[in-house]
Amino acid sequence: MRNITKTFGTIVANDNVSLDIYKGEILSLLGENGSGKTTLMNMLSGIYFPDGGQIYIDGKPVSISSPREAFDYGIGMIHQHFKLVDVFTAAENIVLGLEEKGRLDLNRAGEKIRKICDTYGFDVDPEQKIYNMSVSQKQTVEIVKVLYRGADILILDEPTAVLTPQEAEKLFAVLRNMKKDGKTVVIITHKLHEVEEISDRVAVLRKGKYVGEMITSQTNAQEMTNMMVGREVILNIDRPEPVNPRPRIEVKDLTVRSSDNVLKLDEVSFTANAGEILGIAGISGCGQKELLEAIAGLQTVESGSIRYIEDDGSSESLIGKDPLQIASMGVSLSFVPEDRLGMGLVGSMDLTDNMMLRSFRKGRSVFTDRKTPKKLAEKVVDELEVNTPGVSTPVRRLSGGNVQKVLVGREIASSPTVLLSAYAVRGLDINSSYMIYNLLNKQKKNGVAVVYVGEDLDVLLELCDRILVLCGGRVSGIVDGKTADKNRVGMMMTRLGGGDFE
Amino acid sequence: MFDIISFIPRAIVQGIPLLFGCTGETISEKSGSLNLGIPGVMYVGGICGVIGAFLYEQHAGGNVSAFPAVAIPLLACLLGSLLMGLLFSVLTITLRVNQNVVGLAMTTFGVGFGNFFGGSLIKLTGSDVPSIALSATSQYFSKALPFAQGTGVFGKLFFSYGFLAYVAVIIAFITAYVLKRTRTGLQLRAVGENPATADAAGINITKYKYLATCIGCMIAGLGGLYYVMDYASGVWSNDAFGDRGWLAIALVIFTLWRPNIAVFASFLFGGLYILYLFIPTGTDLAIKELYKMLPYVVTIIVLVITGMRNKRENQPPESLGLPYFREDR
Amino acid sequence: MRKESKEPLIHITKRRGVPWQKAWLIRIIAIALALVICAIVTTAATGLDPVGVYGTMLEGAFGTERKVWILGKETAVLLCISIAMAPAFRMKFWNLGGEGQVLIGAWMTAACMIVLGDSLPGPLLILVMLISSILIGALWAGIPAFFKAKWNTNETLFTLMMNYVAIQLVAYYIIVWESPKGSGKVGIINQMTRSGWLPSIGNYQYLLNILIVALLTAGIYIYLQYSKHGYEISVVGESQSTARYVGIKVERVIIRTLLLSGGLCGLCGFLMVAGTDHTITTTLAGGRGFLGVMVAWLAQFNPLAMVLVSLLLCVLSRGAGEISTAYGLNQSFGDILTGIILFCIIGSEFFINYKIHFRKSAGGKLEPPAGKEGTEHV
């Protein structure tokens, strides 16, 4: 029996966590974003070193200060961001770091890889370069890599986040095979249905603290949610009636290809209304990013049209215009991008300087005006309760929720007519999330056309008036937020139109 | 007329220092360290060899024998370049300072170091000319292969060089093999491409980077040694080595980080470097200065072309120039 | 087969911002350390006592009025190149072509003086020299910038190679303009007519250059800190995708900034030829194009800090020069001392950006070592 106990002292990410993992089981590590699941497992796999506490394997105290030592103890971790070298082949990646005797023999490695694949039901070509692979293929390489090393304990960090349901099913089948083979699997997740489907036991973390554990078969989704969030959650998001909805953005047959010629959007058509929140649902990477960027003028469009419709009914095309040209047309379009510090804000600049990112060109002077943005920054800090030492603090030093408040605060300050937002509450705590929902609703009441790309179906269903479901770059359907059924939307995300299995 | 038979050997001897520098820099860059200090390292390698040879000649008087005459300058050169490599490694790998800045500082330092000690040695010998000649030891470096005589043109083209020239070619081919075919090479490339991945795979990033940078510097330092002891026949004059270090770095891009290609590319560059001597220009000395532009212009053209090409295998190591910090989130 | 338990002895974390007083304290410690090492090296090379070494260095930098003026002139040149580099580096564009850009500006100035020296009236000639040298400097930096913006060509090596193209071009014209013939030098241009020579203010030959550079420094400081262009440069340098997101034309900013950077280098060449040297050699820039890069980086792209850093480096190099002459050492000794100082200041940046923790070992056998690291992470 492998019995690992860890306690942590100072770092808030994990506060005195003790956890047991038993041989031959599938354990789910459940918790919200930022509850310290990944940090905890990183310490097991040698990426981080604990500030306090002790790890025991088979009852003996051990110290794991590097991934290599973790391998020696038979622990292998599959990270959320794959640790693969893009220009290497699968086989090269798999043998990387192994201290085998003799010369590098990739052919022999290839054979061994094929054998592992046959045992568990993978499909990997050892000769294929990583940069030619799909996300799920890369994940498979990661798993094979860990198995190749003879790991007994596999840790998977949110493995299904990037997979289609079919791929996830396949993965679960493989995990079950491994369990049968006597391996231990730890799967980090925040999706309840996965916990129920795959795991024997579930351990829950909340805000860096260990909350408890349960046998999966003896619990239910409600109980797990309660443990995860700490209180009964009734998602109760306001949904005011749409105010005088009228078409604002009309997208027709929009087709977009990425720079490496992959079809990202395929003949997408819809209308976003003013005074309404249009939700966009879909598995991540289904074209949400490209769709928003195409509207914002940041993405080259292959074909189709995007028209902006004024209140008086006249309309203008947004295709082929950059953000500056769109603004100069008098269209006030705000965009809260997914990558907050990499795109929406400049991390090393302070709040004031970030406030003027959009507006610094105003006025004839060759010099920038910092008084107005400073006032705006103070106003945003004040109204959105941004927790910061001051407006001259670099935004990089703020926490995720506060960064997002700064970004959203700036984007709505220009009193937009269109507000695009991508994963606006990702990584935010509940309070900040609700503040964002309220802000979006306020914009809606002001007659703004709000587009909300989200990943949590419950939120989408409670917040949005209509929900556009994307599936593989195509519109799977548009449903009414008030009447839509969660399961049905889930189906539509994975199959065009959400039809039943053929 | 253009004398191809005498042109090729001269192009090759010009190319050898570049080849050393290029191989060394390739190893370093494959580990993710863009070492712009290579020109300085080559100076230091050269002058350390000269110091070693000088001290030996002073010590031995007239009785210079082959083994110490070669071994002492060689060891001195390797030691000097190793110290430079360690300096670069400590600053960029352990202290994570910007590589470009450290590299430039090293070049300033290295060139100054070379010229300072070169100048001081010149003063010690009390010579009138601003150079120092170590003919006794250098003859062992520039000695051609024994069977070079009597093999005619063929011998002139292939056997007429000092042993360091062959060492350069052998090192380049060995490096190419190690990088491409061995476990060490695979792991080194992984460190340069994606250190976080290599780290997760249990590879000791710091060890690989230190070793690659130091070995790279030692190989590059040999380029300086070859230049003084063989090409220049043991005559050190200040600033004579010139800008060859920069060309060696440019050559790395030209050869797409492949030392086996570098063997031929360095001879090509060596040829471009001395082409002006072989193009008949009559009495117009000035025009020769324009011909000297050739290697740089060619490098620029190559840079532009490689930049336009998008093949993944031909791009620089992905993390080139970036420091690695495991807990950087 | 289990390994023994071991904990890493030293643990390094990134600092989240350091108060500027502390940052400067660390830098001052580094400079002090550098001076100590320099003294040790010098003592080893000359056998002097360290106090005497410092005395000689100060003597060399500030000893006579003339020496102070030369120090001012040298500082002005280095500072001018450094502030020319500042906009490019703030944009994270590694312009290593300062040597070439200065040289080509100097060449253009000399060309105007030689070719037009007799045909244009003085003030007009100076105006033509000024404009053409700025333009060609801008061109020299603009070419790599264009390729960087269009095809993402590696700017570090491109600008580096442009240095040598400039050097060979100048080498060609030095032979063409040789005077007297066979000397391999251009000699003083227009020595009799003094046409194209910048006027001197009163009897102070170097004052005009110093004043111009001082004005430029203030100008660049304001440009980077307060102008819209400066703001765009900062955004592009931090994140190109943010810049595109807010509608900044990244390509245009890159090219525009490098034209400015190169233009300033060209101007520096103009000042050197027309203002002080009145001749041209291939080693006119003398490595200061590279040194300027390091000054700009050490000053964290803040033009006002560059004044201090370039002054410091010039004092040291003049001082080192004095030591070399006084004790019969080679002039390159200064380069070695400069190198040592650079390494120390560069290394100190680590202690500003990172924090070192020493792990308390279980057996108590490992005490935190005293000394540099021990004191600097307090």
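Read from first to last, the chains carry the letters A, B and C; within each, the first residue is number 1.
We adopt the following convention: a contact is a pair of C-beta atoms (placed from the backbone, for glycine too) under 8 Å apart; a residue touches a chain by one contact, two chains touch by 3 or more.
Fair warning: this is a prediction, and the values are worked out from it, not measured in the lab.
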Can you figure out the chain closest to the middle, judged by Cα centres?
-> C
In terms of CA centroids, furthest away from chain A sits chain B
Averaging only over C-alpha atoms, locate the centres of chain A and chain B and give their separation in whole Å.
-> 48
Could you tell me the distance, in whole angstrom, between the mean C-alpha positions of chain A and chain C?
-> 45
Let me have the rounded angstrom distance from the C-alpha centre of chain B over to the C-alpha centre of chain C, please.
-> 26
Please list all residues of chain B that touch 2 or more other chains.
-> 327
Can you list the residues of chain A that touch 2 or more other chains?
-> 69
What residues in chain C touch two or more of the other chains?
-> none
Across the complex, what residues on chain B touch chain C?
-> 34, 36, 87, 90-91, 94-98, 100-102, 104-116, 118-120, 123, 238, 243, 246, 249-250, 253, 285-287, 289-290, 292-293, 296-297, 299-300, 303-304, 307-308, 316, 325, 327-328
Please name which positions on chain A make contact with chain C in the complex.
-> 49, 60-63, 65, 69, 72, 296-298, 322-324, 327, 335, 337, 339, 342-349, 353, 356-358, 360-361, 365-368, 394, 397
Using the touch rule from the top, collect the residues of chain A that touch chain B in their complex.
-> 45, 47-48, 66-71, 77, 79, 83-88, 92-93, 95-98, 100, 103-104, 129, 131, 145
Chain B partner, complex, touching residues on chain C are 12-14, 94, 96, 147, 151-154, 156-158, 160-162, 164-165, 168-169, 171-173, 175-176, 287, 290-291, 293-294, 297-298, 328-336, 338-340, 342-343, 346-347, 349-350, 353-354
Where on chain B is chain A touching in the complex?
-> 181-183, 185-187, 189-190, 193-194, 196-204, 312-313, 315, 318, 326-327
